[in-house]
Amino acid sequence: MMTVAFIGLGNMGAPMAANLIKAGYQLRINDINPNAAASLVSKGAVWCDSAAQAIEGVDAILTMLPNGEIVKRLFLDEQGLIACATSLPLLIDCSTISPDEARLVGAAAKDANLEMIDAPVSGGVRGAVDGSLSFMVGGSTTAFERAKPLLSAMGRSIFHVGDQGAGQAAKICNNMMAGILMAGTAEVLALGVRNGLAPEILSEIMNHSSGGNFMVNRWNPWPGVDQSTPASHAYAGGFQVSLLLKDLGLALQSGLSTRSSTPLGAITCSLFQLHSLSNVENGYLDMSSIQRLYFPDTTTTSTSSR
Amino acid sequence: MMTVAFIGLGNMGAPMAANLIKAGYQLRINDINPNAAASLVSKGAVWCDSAAQAIEGVDAILTMLPNGEIVKRLFLDEQGLIACATSLPLLIDCSTISPDEARLVGAAAKDANLEMIDAPVSGGVRGAVDGSLSFMVGGSTTAFERAKPLLSAMGRSIFHVGDQGAGQAAKICNNMMAGILMAGTAEVLALGVRNGLAPEILSEIMNHSSGGNFMVNRWNPWPGVDQSTPASHAYAGGFQVSLLLKDLGLALQSGLSTRSSTPLGAITCSLFQLHSLSNVENGYLDMSSIQRLYFPDTTTTSTSSR
Amino acid sequence: MMTVAFIGLGNMGAPMAANLIKAGYQLRINDINPNAAASLVSKGAVWCDSAAQAIEGVDAILTMLPNGEIVKRLFLDEQGLIACATSLPLLIDCSTISPDEARLVGAAAKDANLEMIDAPVSGGVRGAVDGSLSFMVGGSTTAFERAKPLLSAMGRSIFHVGDQGAGQAAKICNNMMAGILMAGTAEVLALGVRNGLAPEILSEIMNHSSGGNFMVNRWNPWPGVDQSTPASHAYAGGFQVSLLLKDLGLALQSGLSTRSSTPLGAITCSLFQLHSLSNVENGYLDMSSIQRLYFPDTTTTSTSSR
Amino acid sequence: MMTVAFIGLGNMGAPMAANLIKAGYQLRINDINPNAAASLVSKGAVWCDSAAQAIEGVDAILTMLPNGEIVKRLFLDEQGLIACATSLPLLIDCSTISPDEARLVGAAAKDANLEMIDAPVSGGVRGAVDGSLSFMVGGSTTAFERAKPLLSAMGRSIFHVGDQGAGQAAKICNNMMAGILMAGTAEVLALGVRNGLAPEILSEIMNHSSGGNFMVNRWNPWPGVDQSTPASHAYAGGFQVSLLLKDLGLALQSGLSTRSSTPLGAITCSLFQLHSLSNVENGYLDMSSIQRLYFPDTTTTSTSSR
C-alpha cells in the first residue's frame, strides 16, 4: 500500500488523516503541535519529528495548513519539502490559499520535476470526519488522476477544475458568491419584514422565483424559518464568520492581483467585518448571523403568525 | 358573467385583458392611447372614452399602469376611480408601484368601503400573452378570494402574501434579490475567468455548491455557457436593464422609508446605472448584460476550450 | 413695512421668524401646533388660525416645513396657498425637500403668476437663532433679488445657484458630499489607528495633503483630536445622524429620478443606517459618531501618547 | 562627504539620485536596467554591477523600487542587502509597499543591528525632479534624525509619523482618502449637473461649506471648472489611475490584515477598476478622469453658461 506523509493535523487535517488510515494508507505524520498526533498514532500512523523526516520515501505528501505564508515556507524554504522530496512524491496541498500562491508553489514543484495539485476542500469539520468533503482540484490531468484514489478516501465529490491554482480560484469564487448570497438574503429579508412581510412567506416566494438561491433555500438566516438551520439555533454551528472573512479576503486579494472589479464582494466583506467588529463573539457564529447586523432584534420578532 | 373595467392597455395590459375576454368576462376598457384598444374591441370589449365611464356598473376594476404617480392620480383624484365607483367593485391594481403608495391608495379605498388588492405580476410580456403570469397579492383574505378567479384567467401562480402593500413589497424584494444575484454572478464569473477558470466549469461548481442561485443556474450571464439564455444571443430578450432599474429604485425608496439598510441593493442599482450610462442601448438589453461591465470583452472569449 | 406670512414654527422656523420681527417685518404666523406661537406673538406677530388666513394680503409667504409631502399639500391643495394667494405674494420655501418636488410646486406657482424660490438653509438651530444661516436659492433672478432683503434678515450667506429646484439640489449635493467625507474620514482614521498611527498625526498629514477635507480638518470624528468637535464631547450637539439620513435619502431619490449612479452616497447612507439601527440613540448623536461603527472602542483609546 | 548607495533608478529614483549628487553626496548606483544610469554617471555617480557591490562601505542605502515583493527579495535574500551590509549603513526605503512588508523588512534589519526607516513619498515625478517631495517617515527618532539631511536634499516636507511601517501606513491612508474624495466629488458633481446645477457653482458652494475637500477645491474633476487641473486638459498629467489603483490595493490589503472595515475605500477601488477596464487607456489618465465613468459625455457639456 502507498505511504503518505500528512502535515498539518488541525481540526480538518486530523480527521482527514484518520480517513486515509481507515482506507489502508500508511501514514507518516507531522505537525508543529505534537499533541495533535496521539490519536492518529494509536491508529497506526508514524509520528515524525520534522516535516523533512515525514516525507522520506513517501509516495505522496498531503498538507493542510492555515495560510499561504506557512505553505510557501514549508514548500519553498531551502530545506523545504520541494528541496527534500527525493522520492518523486505527488504533492497535494489541501490548504486554502490564494491562487497566486498556489501557482507560485506549483511552479517551483514543476522545476523540481514534482507533480503537484492544489485541492482545497469544502464541507467543514463534519465533512472531514465523515469523509464527505468536496475537493476542487487544480493541476494537470495526470496529477489529478494520480490523486483521485487518495482524495476519494476523504471526500465524496472530486472536481478537476483546471490548471495549477484553479482549485483555489474555484473555491474562493464560490465562497465569495456564497458570502454575497448570504448578505443579500439577509438584507432582503430585513427589508421585507419591515414592509410587513412574514419572512417565511418571502423566503418561499423567492425560492420559487428569480430570487432563489442556496441561502434562502437551504441556509435561511432568519430564525424560525427553517428549524434545521443555524439561524434557528442562535447561529451556532455552520460556517464561522471568521472563516468566511478569510476566504473573502483571499477573493478580494485575487481581484486586486487580476485587476478585477469586485464591488459586491468587497461590500460583503466590509459588512461581515462590521458585524465582527461590533461584538467579538460574532466571529465564532455561523455566517447567517449577518442577519443581526441588518435587523438587530430578530430574536424578538415572531415569525410564526400572520 | 362578471363585467370588468380594464384600464391601462400597454404591452402588459392588452394581452392580460385579452385573456380575460377569452375566459368569458365582459370588458369595459380605457387607455390614454385610444389606438391601444382596436384589437380588444374586435374581440368584444367595450371602449369607453374615460376611466370614469369605463367603471360604470362593473363588478371589478383592473388597472395596469406605468408608475405610482399615475396610479395615485387615477384612484385618488376628486373625480378619480374611488370617488366614482358606485357599484362597489373589487379594485385590483396590477401595476408595480411602491408599497407605501399601495397602502395609501388601499386606505382610501377602505374609507370608501371598497375592497382592494395590490397584485403586481412577474413573467413579462410572454407571461401576459400566454396567461402564465405570477401574481403576488396583498390585501384581505376575502378580497383575495374574490379576485382569485379573475387572476387565474391571466396567470398560473397566485400567492397571497399579506395585507395591502404586501404584494408590492414581495415583488420588489424578490427583484432586488434577483438584481443582486445577477450582478454578483457576473462579478464572480469575471473573477474566475481572470484566474484561468472556464466559465462553464465555475458555473457548474457553484450550481452544486453554496454559490448556487437562479442566475448562475437558469439565466447565466456568460455568453455560451447556456445556449438558451439571453447571454448567448447578444443579451436580446429577457428582462430589460431599464425595467430592473425601475424595480431597484422602488426597493431602495422602500428601504429609505422603512429605515432599512440596503448596501448590496444600492450598489447593484449603481452598477446597473453605470452600465446603462456607458451606452444608451444597454438599457434595452437583458439584465445579464451587466456581465459586460465587469468583463468588456466577453464576446471575444472562447468558453469552450480548456 | 412689508407684511410676511410665516408658516411652520418649529425648532428652525420659530427663531427665523423672530429674526424677521427684529428686522422690522410685520408677521402673520401659523403652525399646526398653536403653542409654537406664544413667544412670537409676545414680540408682535399676529397669530392666524389657518394658513389661508395667515396669507391674506401679505407681500411674501415663508414656509419652513418638515418634508415634501407637507409642502406639496400646503401649496397645491384645492384650498392651498397657491389657490388662495390673491395679493401676488413672493413665495419662499425654506424647507428641505427634493428638487423634483420643488420644481413641481414652483411650476404650479408660475401657472398662477406667482414668483417662487426654493431657499433651503444650512447652519442648524444655532444659525437660525443668531441669524447666521446660509441660503441656497433656486429661482429667477428677479425673484431672488426680491427675496434677498428678507433672507438677509435671517442669514449671512445667500447664494443664487440656479433655477427653481436648484437650491434644493445644491443643498442635497453638498450634504451628500459631507456624508461621504465624514464616513470616509472615520474609515481612514480607523485604518490608520489599527496600523499604529496616532489619529492626530494622521489627521494633520491629511490636512496638509491630498486627503484634506472639511471633516478631518474642522469636524474631526476621533475623540480628542480636536477638543472643539462633538467627537470630543461624546458626540453631543452638531448635526444629528437622523437629519443627515433625511438629506442622504433626498439625494439618493434625486439620483434615482435623474438616472445618476451614486454608489458612494448610497453606501454612506447604508452605513449611517446601520449605525442608527445598532442603537436607537445613535440617531440623536452628531454624525461624526459614525466613527464608532468603524471602531467601537474609540472611547478607550488614548490618542495623546506615541 | 557621505557615500550613499542608490538602488532603483526609474522615473522617480533617477531624479531623486540626481538631487543627492547636486547636494554633494557621493553616489554608488545600481538598477536592473543599466541604461538608467548613463545620465547619473555623467554627473559623477559610480555605476555598480550589482546591488551588493553598490553598498560596499556606504554610509546609507536608499531604495526606490516598484513593489513589496522586490523590496523583500532585495533586502531579505540570503545574499541580500541586510546580509551584505557590513558598514552599518542607514537603510532608507522610499518605495511604496504595504505596512506589513515594511515592518517585516524593518524587523530583519533590526536583528542585524541596522537602523532602517520607511520613507514613501508624495509629489510625483515633478516633485522628484525639483526636489519638492514630501516624505512620510516611519522608524525610530534616531534613525529619523540621521536620515533627515539626506531626505531634505530631495524633498521639502519631512514628517516623522511613527514607528517602522508608519510611513507606509500614513501614505496609503492618505491616498485612500484622496481616492474617496475624488470619486465622491465626481459623483456629486454629476448628480448636481443632472439636477441643472452648473458644476462651477456647485464646486464653489461645496468649497465654502461642509462638502469642501482637496479635490473639489484644488483638483476639480469637471472639465473647465478650473483651467489649471488635468480635467481641463483631457485628463493628461497629474496622478495616473493605475498608480492610484496600486495604492488603493495596498490600503485594502492592509484593511484585510488589520481586520478593518473599508467599504468606501473598497467601492472606490472597484469604481476606478471599472473605469480602467472600460478603456485600457484610462489607466494612464489622471485619476480625476473617473468623472467620465459617472458622466460619459462631460466633454460635450458646456460649463460656462447658465
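Lettered A, B, C and D in written order, each chain numbered from 1.
Throughout what follows, contacts are C-beta pairs under 8 Å (C-beta built on N, C-alpha and C of every residue); 3 or more make two chains touch, one makes a residue touch a chain.
Please read all numbers here as calculations on a predicted model, not as lab measurements.
Participant: Enumerate, in label order, the chains that touch chain C and chain D alike.
Facilitator: A, B
Participant: Taking contacts as defined above, which has more of them, A-D or B-D?
Facilitator: If we tally the contacting C-beta pairs, A-D comes out ahead.
Participant: Could you work out how far the Cα centre of chain B sits from that of chain D, in whole Å?
Facilitator: Each chain's C-alpha centroid was found; their separation is 50 Å.
Participant: So the centre of each chain is just the mean of its C-alpha atoms; given that, what is the distance between chain A and chain D in Å?
Facilitator: Between these chains, centre-to-centre, one finds 36 Å.
Participant: Counting only residues that touch at least two other chains, what does the list for chain B look like?
Facilitator: Expected reply: 259-263, 267, 271, 274, 277, 294.
Participant: Contact residues on chain D for chain C in the complex?
Facilitator: So the residues of chain D touching chain C come out as 99, 122, 134, 136, 157, 159, 161-163, 165-166, 169-170, 173-178, 180-181, 183-185, 187-188, 190-192, 194-198, 201-202, 205-206, 208-216, 219, 251, 254-255, 258-265, 267-268, 271, 294, 306.
Participant: Across the complex, what residues on chain B touch chain D?
Facilitator: My answer: residues 263, 267, 274, 277-278, 293-296.
Participant: In the complex, go through chain B and note every residue touching chain C.
Facilitator: Touching chain C from chain B are residues 78, 245, 249, 252-253, 256, 259-263, 266-267, 269-271, 273-274, 276-277.
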